[in-house]
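In the two complexes that follow, chain A is the common piece, with chain B as its partner first and chain C second.
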Partner chain A sequence: MAREKKEKVRSLRYSHTAIGRFLTDKHTNRSVSGSATLLVFLTVFALISLFPVVFMVSNAFKPINELFIYPPRLFFIQPTTSNFSELFAILADSLVPFLRYLFNTLFIVITGCVGHIVLSSMAAFPLAKFRFPGSELMSRIIVYSLMFTSSVTAVPTYMIMSRLRLVDTYWAVIFPAFSLPLGLFLMKNFMEQVPTALIDAASIDGSSYFGMLWRIIMPAVKPAWITLFIVCFQGLWGNSAGNFIYSESKKPLAAMLQNLSGSGVARTGVVAASSLFMFVVPLIAFIISQSNVMETMATSGIKE
Partner chain B sequence: MKAITAQKSRIAGIALLALAAAGLTAAIVLNARGSYPLGKLSWIAAAVLGIMLVAGCALTFRESYARMSFSKKTGLWGIIFLLPWLLGFTLFFLVPMLEEFVYSFENVSIRPTGGLNEEFIWFENFRYILLEHATYVRSLTETVLEVMLYTVLIIVFSLLCAILLNGKFFGRSAARAIFFVPIVMATGLMIERVSNTAGLLLAQSQDDKVYGAAIISKLLFSLGVGSGVVSYLANAVNDIFEVVSLSGIQILIFLAALQSIPPQLYEVAKIEGATGYQTFWKVTVVMVSPMLLTCTLYTISDLFLRSDLADTFKDIAFKQGQFGRSAAMSSFFLLAVLLVIGIYVLPLRKAVFYYD
Partner chain C sequence: MTENVRYAQSMTKWQYTRRLMKKNRQLYLMVAPFMLFFLVFTVLPVGIAIYLSFMEYNVLQSAKFVWFNNYVSLILEDEIFLKAVKNTFIMALIIGPFGYVFSFLMAWLINELPRVLRTILTVIFYAPSISGNAYVVFTQLFSGDPYGFINSRLINWGLISQPILWLKNADYMMYVVILVSLWMSLGVGFLSFIAGLQGVDRAQYEAAEIDGIRNRWQELWYVTLPNMKPQLMFGAVMSITNSLSVADITVALNGFPSTNYATHTIINHLNDYGIIRLEMGYACSIAVILFFIMLGLNVVIQKWIRRVGT
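Let's turn to the complex of A and B:
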């Protein structure tokens, strides 16, 4: 006990200096060495997760001769925007206009995400808050179904789509996205944290079950569905729908850019530019919704 | 007066239901015959049928709904809320799963006229993939071992990160944002694109996945560091890189779990004189344990489905047209997934503590 106290005093030694206050975010009772270790640890891992981003961004601005430099360099020497102008030239020339690809992708992404969030929160609400015959079994099925995703069942999914006459329509990509178990799983876990007292209050005040979900639960679990939106967005954004959509005019952007990258070494610069573009859009979507996620995550634990 | 309206609504409801049933039968018969007189309008017809079914049910059972007990009503609404998701889940998830399983015992080929030719051949597909296929068994064992290692690493790392990110420190929001980047990056396409670019760059890079490590090792190599040291470092970096880039969602789930731990527990621990170490093991880990279980499950499945093996099935099915063999491969693959899940999850389940 005494030793512990001594250690604590020692660790608090620097906390009143300027750098100590800076490191501990003005909480002078926190240990400086702990905060410093934390900072170093997080910085190292943050650098690791940022590395591919930096690499991708700098690649997009490298002229073609620098892309093939050996050994490769992380940063460009003479930045150029020629990759982008070449990309735009190709896009302007393509048979199907670029805006059409963009529309296809946006339609798939937005419909898919909204439908996924609505359906999975509707299904998650009773599973999290009510008890009825079969609810335990359902929850268990969902947890176990997390381990299978569409890549394993590609062939039968295709067969079902063809039986429903959905092949070569947007819905072949959108419908499976509606019913992914991940969304239900996340929403259910977050909804379980919302106090039941809130629902009881709504029920006493004469709210319908839909009202409880949309007016009480959904605002309370805003971080959950924003997180879900991000996950869903990036999943559908990168989906090239290769197995389901054949008409060029219905293909999403990802398929088009994939074709581009398949067309040889000479296009390396264009590929680098297009991969930056493919990355930037989900990143922007993330940054816009990010403040909500990060902020409300902390306040989502409503205390009874 | 009231009785009459109730009776009327019941009659109207039954009539609507009968109509809907007739429509449904007609649709099924027409579909079985292979003729589609409505063409694209059949979607509208399906929607109309659905609305008729719902309205019919509502009108028919209005009286009995009014007399239901509260808990029964709740249960009913629970099922109604679940239905749309369940429908999609069954149609696009459960049925394909079962069908995949059936395919794995069949020789499946495409008829020139369209449709599939199925021929039951017992375990022939399994015999082929296990005994004759050149790489399947080896890559499956490799994948299993890799997944088992990475699962532990990812769970430990993401729990650690979540605990760190949950504390208050300078630049917390920035740190959380950065740790979220891998989720955005983790799209298959994104990784593929970066690694393609990097792969073109390093013409002799053997494994597309190791681009981060490859570049770092090239850089170190050019600085004159010995090759043994370089390869060790490269592997370590590669592992860390994989772990970091795959643990985004797990960190998120753990963060949510940490924030739902009641603060009273920590207060009690403090009052009783628990050290930080004790508090971590006896409060934090215990309270997070249900999420530990689900995260483990998620990680295992995620790792398996990201493995190169999962892409092999698609190639074999869609590029080579061997649907039966591909199905057998994925069935066996799922068996391996279940095995790993069993190894990790069953002992964990006993340790899980539910605070209620």
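Let's turn to the complex of A and C:
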């Protein structure tokens, strides 16, 4: 009796913070010490995981004398944005204007991702909700194709691209992104949990399959297409298109910034600034959309 | 439905299939665009790779059929390939299982945290695997001169007297590559685990508590894992595939080729022949071997995971 009272007092005292509530949660079979150890353990691993990122961020803001200080420091002392201004100065001076690279990247990312979402949704709907000759086979092949990476087939892919005269065009990067199997897989799984009653109702109304997809399914699977956008974005944003695009004026930003990093010690600060930039953009995109991504991932399992 | 049955009775199987296909014309039309791109840029390349792996083809001269010569020279004569296979397996054996278990462990541990804290930790752990090449920062952390972050600390603490060439000395390179890969191993599979854990029905835990489940570990084995099988399978596919395709990291950290080929992987070898030397037939035979290793391992391990909780 006394113990219960004590616990109640304790949970009241700490319950105004989320962590306090977590530690004193007596609903399940948990010990306070266990939960506290857990928090410490997680903090340590979070710090380890974060350390290289902190180092990268900090480097981007270090003035040149701090970049070459001995011993090197994790944090900057006097932060400066000079690395970024130098980066933009170099970009402004380059033979191909910065805006051109930016346009190339945006064109590739947007066309690739929109195409990917449209094509995957169109294909995912029949595979998720109907059975017809071949549907089972297609679903299986998609799962199998998750099991190898595109680097395995890079050589034949290049040969196909060159036969189709797509080498050195944006499409050499965009077309393969259209049919990324992961996107179709996630979209199909997510669509499976949309209630079939909705579709039946629509088919009574005499709606076509395209109509059902457009008016009923697509609004219901918003988290999935946001996730497909994020996955596709992450793939295309950092893609330097190295083997496929060689005209400087068609290269994406990633290729340009990769060239920079090959240009010696003098540009250490600029390189740090540019890799931070390349890292931060997809990170922010993920943070903004993370609740949608998590919702989609809930259905990401491979069923037997 | 009854209509279908009636058709089926009066028709051969083929006629029935034809009929079904005709009836579902619109569905095929919807699947077609994706499948077209998928066939041309994913399925066809696999076919071409298998075909070319029996050829001697260097782009300039026309292809010549050489039976299994490419495979024979790969296995019997190409010592660097065997080294690449060995390296790839060492990496995969460590990165695959550790990355996988670690992804699950972390997902499981953050599962009960308050929402905001869970989200923050998710972002922190997932961030390294987000695109961009964040791993390049390790070239500075493990730089071989005394100005390298790790070297400077170790010298200051008196643990070493000479700076270590982490990225150029064959004794250390493998460890660094594995460390960096593990750092990046909490990827899509990790997200899938978190989401899967959130989806386990609360009532099952309460029922288990009444049934006498005493601690976190029992709860994990008897309630959580059996509920998570689909996510566990998905995560396994992701981590097997990733752990066998380490390549960009070794180029960024150790250069190409790496010292004594100490971190040379199968994909590095494939790129060497396919992109630099343009010996397409030979490159394709490497690709085919890797393709079957990836597929084979995935199939075997999926079989194992199906048994969890049974």
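Here, the second predicted complex is superposed on the first by the 224 of 304 C-alpha atoms of A that agree within 3 Å, B and C clash if a C-alpha of one lies under 4 Å from a C-alpha of the other, contacts with A are read in each partner's own complex, and residues count from 1 in each chain.
Note that in this section a residue touches a chain if its C-beta (ideal position, glycine included) is under 8 Å from a C-beta of that chain, and two chains touch if they have at least 3 such contacts.
These figures come from a predicted structure and were not determined experimentally.
After overlaying the two complexes on the shared chain, residue contacts for A:201 are found with neither chain B nor chain C.
In the superposed model, A:237 lies in contact with both chain B and chain C. When the shared chain is aligned, chain B and chain C each come close enough to touch A:56.
Contacts of A:89 after superposition on the shared chain: neither chain B nor chain C is touched. With both structures placed on the common chain, the touch criterion links A:41 to chain B and to chain C. Look at A:193: by the touch rule set out above, it reaches chain B but stays clear of chain C. In the overlay built on the shared chain, the residue A:77 is in contact with neither chain B nor chain C.
Of the two partner chains placed by superposition, chain B and chain C are both touched by A:127. Look at A:110: by the touch rule set out above, it reaches neither chain B nor chain C. Overlaid on A, the two complexes show chain B and chain C touching the same residues of chain A, namely 22, 30, 38, 41-42, 45-46, 49-50, 52-53, 55-56, 59, 68, 71-72, 74, 119-120, 122-123, 125-127, 130, 132-133, 135, 138, 143-149, 151-157, 159-160, 175-176, 178-179, 181, 184, 209, 213, 231, 234-235, 237-238, 243, 258, 261, 275, 278-279, 282-283, 286-287, 290, 293-294, 297-298, 300-301. Listed in rising order, the residues of chain A touching chain C in the complex are 18-19, 21-22, 28-30, 34, 38, 41-42, 45-46, 49-50, 52-53, 55-56, 59, 68, 70-72, 74, 119-120, 122-123, 125-127, 130, 132-133, 135, 138, 141-160, 175-176, 178-179, 181-182, 184, 208-210, 213, 231, 234-235, 237-238, 243, 258, 261, 275, 278-279, 281-283, 286-287, 290-291, 293-298, 300-304. The touching residues of chain C, when paired with chain A in their complex, are 17, 20-21, 24, 26-28, 30-31, 33-35, 37-38, 40-49, 52, 106, 109-110, 112-117, 119, 121-128, 130-138, 140-141, 146-149, 152-153, 155-156, 183, 186, 188, 191-192, 194-196, 198-199, 205, 209, 213-216, 219, 228-234, 237-238, 240-242, 245, 247, 267, 270-271, 274-275, 280, 283-284, 287, 290-291, 294-295, 298, 302, 306. Remark: chain B residues 36, 42, 71, 74-79, 81-82, 84-89, 91-97, 99-100, 103, 108, 116, 161, 164-165, 167-173, 175-190, 193-194, 196-198, 200-202, 211-212, 215, 218-219, 221-222, 237, 240-241, 244-245, 249, 252-253, 255-256, 259-260, 275, 291, 294, 297-298, 300-301, 304-305, 310-311, 313-314, 317-318, 323, 326-327, 330, 333-334, 337-338, 341 touch chain A in the complex. Chain contact summary for the complex, chain A toward chain B: residues 4, 22-25, 27, 30, 35, 38-39, 41-42, 45-46, 48-53, 55-56, 59, 67-68, 71-72, 74, 119-120, 122-123, 125-127, 130-135, 138, 143-149, 151-157, 159-160, 165, 175-176, 178-179, 181, 184-186, 189-190, 193, 209, 213, 223-224, 227, 230-231, 234-235, 237-240, 243, 254, 258, 261, 265, 268, 271-272, 274-275, 278-279, 282-283, 286-287, 290, 293-294, 297-298, 300-301.
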